[in-house]
Amino acid sequence: MTRNSRKALRIKEKIIELLLSLCSSVSVLTTLGIIAVLSIESIFFFREVSLTQLFFDTEWTPLFLDKHFGIWPLIAGTILTSAIALALSVPAGLVIAVYVSEFAHERTRAFLKPILELLAGIPTIVYGYFALLVITPALQIIFPEMGSFNALSAGIAMGVMILPMMASLSEDAIYTVPKSLREGAYALGASKLQMILGAVLPGAVGGITAAVILSAARAVGETMIVAIAAGQQPLFHFNPLQPVETMTAYIVQVSLGDTPHGTLEYHTLFAVAMMLFLLTMVLNIVSLRIGERFKRMYR
Amino acid sequence: MELTDKHHPLARRPFEQDRETTRPLLARPGSEASFLFLARFIIASALLVLLVLVGSVVYDGFSRLSLSFLTSFPSRKAENAGILAAWTGSAWLLFLTIIFALPLGVGAAVYLEEYAKKSRATRLIELCIANLAGVPSVIYGLLGLQVFVRALSFERSVLSGSLTLALLVLPIIIMASREALRTVPKGYREGALALGATRWQTTWTQVLPVALPGIATGCILAFSRAIGETAPLITLGALTYVAQVPDSMFAPFTALPIQAFNWLSRPQPEFHVNAAAAITVLLSFMIALNLIAMVLRSKFQRRQR
Amino acid sequence: MQSTTVSDVQTTTGDTTARASSHEVKIEIRDVELFYGSYQALHGINLAIPAGQVTAFIGPSGCGKSTLLRSINRMNDLIDGVTIRGSIQIDGHDIYAPGVDLIELRKRVGMVFQKSNPFPKSIFDNVAYGPRIHGITNREALEEIVSKSLTRADLWREVRDRLYSSALDLSGGQQQRLCIARALAVNPDVLLMDEPASALDPRSTSKIEDLIGELRSDYTIVIVTHNMQQAARVSDSTAFFYEGQLIEHGATKQLFTKPREKQTEDYITGRFG
């Protein structure tokens, strides 16, 4: 190879490396972009609405004539639907995880994994359809007073959607627990269930906690299921049979309407989005931390 | 009670004695059987839900599927409404999202796995990726609204939509590609480098071909998710009443999930049927994508043998 | 229950006065063969382990000593594809007979592993785990058992003030003693120890060896070790294994000074292994 062509090759390598590093910097730019966009527009919001109003008012009616900016109804809606989803997916996911890792044959596992992945891959709008047109009518037979938009149906649909994620992450955590702990329990005369409950699950608790928090973050950030089935009435209550509006559903509601750009109502979008972003970011970071500490435990 | 008392739980007993009924709850064989029953019941229910989930939608919407449905535009009368604008919009979105996200995502993964050394900068990048994976999709929509639609003046076009979706799926592609790259044995790289290949030559000729099936699978899953996304596009401002097929990437657009959502939001049940039909088409799209993924994956794996 | 006597067994090493003692046979291993799939790991083992003594299993790695040890509390049952033939009797009862309660077996035959494996819980909960799973829930009873077991394992003084702190914070040697306390807490009569000190520093190792000396009179102890000096220090009788076969078994002092088999002599003098 001549000296010149070698030099050209080196330059080409450098350029490629630069391009690739630019690709990876896109994620940093995106994060900065999100923070910038949300912050700037939220500042406009907070010029007109004080923090006291946001946190001490209990009504959220920014689109009406009589404007209130208390964010609690939206937070309550988010918490209610997410809590229902977690109440369904966490125990069920744990049971499935324990079953798959401790009891099931290879054949069952091979059969189950694609099914769970399928469940996780279905678009959320299908879950929304399901919640509105299948779950709600079915539940209305049991609870005649249930509204056609309500938190329970949306929560149940969300729970099913999150189930595969919870089961998969918990199974990974259980798999990380070393054989030596199981053997120690068996050697003391434990039955299989005693071994699982007394040695394996406590040993996996870090990973399972991370899984729960991650699932919670997913539930909080979910939009379409609640937008379709939970309703768009920001009422402040914890009754699962009545409609609620979540932070995410509000964002959709305003986006669908014709709120002019630059108005206070428009800026509520970003204030709510900022709260949502902070909430999910905290949950994600806590989950990552706990998960990393857990993985280091058994190295 | 003393240990010598034969009723003490820790007393030494003959091995053959049947103590099953006096054991603590979790040690009895009945408990294990109950747990297995519970687990199988939950799994069966999940399967059932999956079937009903997909089945109910397809069942409701199937009757509405027809050539006219696929080639008409939305209309105020349910029986005249169609998804022509919607599915062409989704197709455009998918195509452009792949063009933007694939090179960026795989490039970033290659950089992080093959080039970058452990430094504060790489740690920061990885932290960002992990966080972005957990950001709700609506927020990507707002980002797209301010940056692509407003600041860059791309307006509410297919371009803005696909750029937003690309950013949304980027973390997934990066993480899946990194996993795939990690499964490539170190020996391949070391062998090539030892023969004098450059880093890029090694990556392009030795590493990527081996990692390709894994990368492809991850990407297909990501893009499959992208065409099912509704929230970020709504937030972007994708108009729900669009009566045209996009003719360029600057054209306004709608998409299958948006059209379905729009119809679902109406009280009349005829529109719900339309929504079910649109969803059925969407699901077919996704199944097709996944099948292509499976074919691609087995083709690449066969080539490696 | 018939008791068979084993003659010519000297009780303590270094003691020149031979005690013509008859010790009961605690564990009788008869014609035991074990297969991992099609690979035979144990060939026709016949061995009588006396009660109230320390018996050492020695031999080069892969000779089957750990496999045989794990057969005594049926831990090999946990591995897929293992078949075992022959019989192992404890106090005259075949533990491989159908209808044997595994939980009862493992309660009476305790095991300490090569690498200590405390549960990620407090010291108290580690020791209390065994009694709890066997049905003891009374708080006072548990506290008494825990303190007794930790005292027996020579760990009480070091941990009495931090019973509720995590067991993982203990040093390696302390963790292993904790595992011994844990095993003692369920009131076993046999203790199986699989290279209990191989992962420890010399000081912790001698602590464990002293502990074994203290425990010997109340339990039947079988210890697997690759350290011949340890076997000579600690055990009353020794069994030498090679490639899945029992080559020689006898009083420790005699086996190490005047072995009957040439293979034993070669191993002891370091010609192989």
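The first chain written gets the first letter, and so on, giving A, B and C; residue counts start at 1 in each chain.
Here, a contact is a pair of C-beta atoms (placed from the backbone, for glycine too) under 8 Å apart; a residue touches a chain by one contact, two chains touch by 3 or more.
These figures come from a predicted structure and were not determined experimentally.
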item	value
Contact graph of the chains (line, ring, star, complete, other)	complete
More contacts between chains, A-C or A-B	A-B
Separation of mean Cα positions, subunit C and subunit A [Å, integer]	50
Distance between chain centroids, defined by C-alpha means - subunit A, subunit B (Å)	14
Residues of subunit B whose C-beta touches two or more other chains	23-24, 26-27
Multi-chain contact residues (two or more partners), subunit A	190-191, 194
Multi-partner residues of subunit C (each touching 2 or more other chains)	103-105, 107, 132-134, 186
Subunit C-touching residues of subunit A, taken from the complex the two chains share	178, 180-181, 183-191, 194, 198-199, 202-203, 205, 297
Subunit C partner contacts - residues on subunit B that touch it in the complex	3, 9-19, 22-24, 26-27
Parts of subunit A lying in touch with subunit B, wherever the complex brings them together	9, 12-13, 16-17, 19-21, 23-28, 30-31, 33-34, 37-38, 41, 92, 95-96, 98-99, 103, 112, 115-116, 118-119, 121-130, 132-134, 160, 163, 190-194, 197, 214, 217-218, 220-224, 227-228, 248, 251-252, 255-256, 261, 269-270, 273, 276-277, 280-281, 283-285, 288
Footprint of subunit B on subunit C - complex, ascending	90, 93, 95, 97, 99-101, 103-105, 107-108, 131-136, 145, 186-187, 189
Of all residues in subunit B, those that touch subunit A in their complex	23-24, 26-28, 31-32, 35-36, 38-40, 42-43, 46-47, 49-50, 52-54, 56-57, 60, 103-105, 107-108, 110-112, 115-116, 124-125, 128-143, 146-147, 150, 167, 170-171, 174, 198-200, 221, 224-225, 228-231, 234-237, 240, 257, 260-261, 264-265, 272, 275-276, 279, 282-283, 286
